[in-house]
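There are two complexes below, and they share chain A, which is joined by chain B in the first and by chain C in the second.
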Partner chain A sequence: MLKHPMLEYIKEEGSSGMRLPHILCPGCGAGQVLNYTLHAVDDLIKEEGVKKENFVFISGVGCSSRLTSHYLDFDSGWTIHGRSLAIATGALLANPELKIIVFTGDGDAAAIGGNHFIHAFRRNINVTVLCVNNGLYGMTGGQVAPTTLPFVNTPTTPYGNIEDAFDLCKLAEVAGASYISRWITAQPMQIIKAVKKGIANKGASFIEVLSQCPVHEHETPVDSMNALKEITVPVKKAESSDKIPVGELHFAPRPSWTERYESVIEKANQRLS
Partner chain B sequence: MIEIVIDAKYCKGCNICIDFCPKKVLRCSKDINAKGYRLPEAVDIDACTQCQLCVIVCPDLAIAVTPK
Partner chain C sequence: MDETVLGEKKYRGEFIKPGRHYLEGSEACVEGALLAGMKVYAGYPITPASEIMEHASRRLPQFGGRFIQMEDEISAACTLIGASWAGAKAMTATSSPGFSLMQEAISFSIMTETPLVIVDVQRPGPGQGYITTSQEDVMQARYGHHGEGPIIALAPSSVQDMFELTIEAFNLSEKWRTPVLIMAEETVAHMREQLIVPELDTIEIIGRKKPQGLGITPENYLPYGHELVPPMANFGEGYNINHVSLAHHADGNVGNYSLKAHRENIERLHQKIEGSVNEIARVESQFLGDCDHVLICYGSVARTGLEAVKEVRELHGIKMGFIRLVTLWPFPEEILRNLISTVKTVFVPEMNLGMMKHPIAEALRDKCDQVISIPEIGALHNPEKLVDKVLEVSTC
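Right, the complex of A and B next:
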């Protein structure tokens, strides 16, 4: 029978029975991001000859972080809340050849893992961070998050959110990430291209995907996904608009942490011999 | 011969594939799966251009179209 092409990279069955369908709600943006990332990885494996063993997927805790070790037939780690970037740093130390993809949510990256987030980008470690930003804490009941837009109603802000939202792309740029782009889930081809560019970039790449959460937004998946088009604007037209810019926001390659670390090892070896 | 297969075990009936299809090949059917989700169905297979957009956007990896 004809099957979805990306099921090739998924563990459909585990020791405790069927793993799929996954736990995510109907129409979840995290599921779409998984599909896009697998398409990008599939292209790299089949067209550019990158070895499957070289890919490692690491995630923390949250809806989007459930995507890795539960379902993927790659080396993967489902790690501590907010500390996925710290564990990615350790994996890179053990093997600098790895192509590490970190799945994270807005709560995982910006709230509990905020400090790891900025320091991983300051070091410019060679990872691709995919942040599925739905603007609320989905797994715990839709409460207000640092990325919730102002005046949005959530269970903990029933009269509207009074705080301004975190701009994760600007934060990553100031911290020192070398490739930064922002997309919405309704831009499949752009995200696939961005993931490929992020993996090819030798340094920290940050890709933020604004995502729908139909369950907590109390809308149908299609309406919820298309509502993101209303609040965003392409980066070229961003100056004359107060909406959220989407597109490639920043690309400035600089030496990565692993490259510098290798030069230190070389220097130390010379001095010892 | 183009074939469009929707996996009734994996599909959660979110209708995102129906929204994305540029040729409006898919529509919501009257069938429901074991979990009570309404599945999409292909109505006009001849209009399908095998662009694979529905395959790329599916959050549940539940749809497959014969590759070009």
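Right, the complex of A and C next:
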């Protein structure tokens, strides 16, 4: 039987039986993001000789965080809601050589994890964050998120959302992330390229992927994905449009936290000589 | 960059020298942690625990370790989790309000069996309470985190303990693959007194059990299996370890859920710590032969407690025994029961309204006539207060 090429990086079964299928709903965008990310990692391992054992995947809690879960054939941590960037920070302090990819969602990153989101970017820790933004809390039933557009009805905004949405890329930029891009799930090649650029950037890279949630949007996956195309515009044409810009939005490399900490270690030791 | 420092990774930091020192408890804690092999410290400032992080920020980079001041106590505790997974021994210190914020990470670390050390320099609560001394978090240490998660918690009573129990905390966390709490108090953290450091090669340092050392290949590796304390692979070693805190099978699979597998998961975690209580827990005792009463205490109250016991024995002829709980959790019930035959009164002085009194009373339910709490809030007891209470009860 023909197998999906990325199954090379998935543990299909273990001593306690099958690890698949994953829990994602049919038509969910999170699986696409995993597929594109693994393609990027596959290229880096096979074409650029990056050691597979140096990759680490960290996630928090939510649908997108289940991409890490228990079936990746990499070192990984499926961690606490909102805390993935703090845990990634710790791993980098212990071993700055690790190439850490964080899967997060809009609620995980920008609501419960908002504080860690801005501070990880301020520190420019060497991490690549893939935020699967579906504008709602999928795992718990489609409730309003900090990224939900105004006036939308959800299970916890039955009279319409009165709050404005975060622009996560702008938030990441003012916080200090050194590489930022935004895409929709219908852009596989662009996302693969962006993930490779994010991993190559020795600092905090933030990649937002606007994603469909056909279940809670009560749409077919195709209609749901087409809606993403409707509300977005390539960044080059964004100035004359009120749509959401997609593409590379920011690239300003600067030393990461662990690179800068080398000077701390150096000074601490110089004073002892 | 000086190549002799960083090029060859030779750092100039030196451990505290063997011999006599005059140190603050906070410094002794960090010096002990460095000897134990601490490589990462993450913290958030809070009175009265900040001295520990300040000392760590100065000392850790001398050894090539990394110190970070995080955005809150939640992230500080989470940083330890990532550091531990990547192979570093890691520690934080906080005080009671910050300890509340760390409960989430503690619960997660118990389930993922992540070794790390958290020092709680207790201050009074609830709320901001005050910034003086306290033992009001001893129940939070055991029951503050959600779920059925056993914990190891130690109670230092001196600067010497701040040094030795910090080393012991790292050893216990690595040996049992679990978070370990040091339930310090403002009293012991800010106390300055003599510290005697033994010859360094006599200090036992324990590292985690690794699959490589047991001949387990990545293909056969079970992150939550093999033994009561599963061997732990670090990130970057090719073992493709998946850390998960959902109820899991030995191979880390959270699928194929069954009540049986769930219960086995929790029962092993429980058995690992509570089932090993007599190996993990320690108590100290004096004057227990033919005593009529016994005073049981922990932390800095043990100092006042011992003085009071000596006074009532010498000046008032009361046969009073003394027990100090070095380990609060897992609670050393069997050890206590074996130490005491029967006594009239058990006195339990604590800097709270009577917290450890409860497991003590439960353990000695048929071995004493009464258990009397001697509470104090926000300050250490005067020895007179303890003596007066003992005289009042034992002479009536």
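Throughout what follows, the second predicted complex is superposed on the first by the 269 of 273 C-alpha atoms of A that agree within 3 Å, B and C clash if a C-alpha of one lies under 4 Å from a C-alpha of the other, contacts with A are read in each partner's own complex, and residues count from 1 in each chain.
The rule we apply is simple: a residue touches a chain if its C-beta (ideal position, glycine included) is under 8 Å from a C-beta of that chain, and two chains touch if they have at least 3 such contacts.
From a predicted model like this one, the values you see are computed outputs, not experimental measurements.
J.: After the overlay on chain A, what do you see for chain B versus chain C, clash or fit?
T.: After superposition on chain A, chain B vs chain C: fit, no clash.
J.: Using the touch definition from the top, say if A:I80 reaches chain B (first), chain C (second), both or neither.
T.: Touch status of A:I80: second partner only.
J.: Who wins on chain A residues touched, chain B or chain C?
T.: C
J.: Determine how wide the angle is at the CA centre of chain A between the CA centres of chain C and chain B, giving a multiple of 10 degrees.
T.: Spelled out: centre of chain A as vertex, angle of 130 degrees.
J.: Look at A:V222 in the shared chain and tell me whether it touches chain B only, chain C only, both, or neither; answer first, second, both or neither.
T.: Only chain B; A:V222 stays clear of chain C.
J.: First (chain B), second (chain C), both or neither: which does A:H39 touch?
T.: After superposition on chain A, A:H39 lies in contact with chain B alone.
J.: Touching A:M6, do we find chain B (first), chain C (second), both, or neither?
T.: In the superposition, A:M6 contacts chain B only.
J.: Classify the contacts of A:I58 with the two partner chains as first (chain B alone), second (chain C alone), both, or neither.
T.: Second partner only.
J.: If you stack the two complexes on chain A, which partner ends up touching A:P188: first (chain B), second (chain C), both, or neither?
T.: first
J.: Considering only touches as defined above, state whether A:A88 meets chain B (first), chain C (second), both or neither.
T.: Touch partner of A:A88: chain C, not chain B.
J.: Could you grab the smallest C-alpha gap between chain B and chain C in the overlay, to the nearest Å?
T.: Superposed on chain A, the two chains' closest C-alpha atoms are separated by 15 Å.
J.: For chain A, which residues belong to both interfaces, chain B and chain C?
T.: After superposing on chain A, chain A residues 18, 20 contact both chain B and chain C.
J.: Under the definition above, what is the set of chain C residues touching chain A in their complex?
T.: Its residues touching chain A are 1-2, 5-6, 11-14, 39-40, 42, 58, 61-62, 64, 66-68, 70-72, 74-76, 78-88, 90, 104-105, 108, 112, 222, 225, 235-246, 248-256, 261.
J.: Write out the stretch or stretches of chain A touching chain B in their complex.
T.: Chain A reaches chain B through residues 1-7, 10, 18, 20-22, 24-32, 34-36, 39, 188-189, 192, 214, 220-222, 225-226.
J.: Considering only the defined contacts, which chain A positions touch chain C in the complex?
T.: Within the complex, chain A contacts chain C at residues 11, 14-20, 52-54, 56, 58, 68-80, 83, 86-95, 97-98, 115-116, 119, 257-258, 261-262, 264-270, 272-273.
J.: Flag every residue of chain B that touches chain A in the complex, lowest number first.
T.: Per the touch definition, chain B meets chain A at residues 3, 5, 7, 9-16, 18-19, 37, 53, 55-67.
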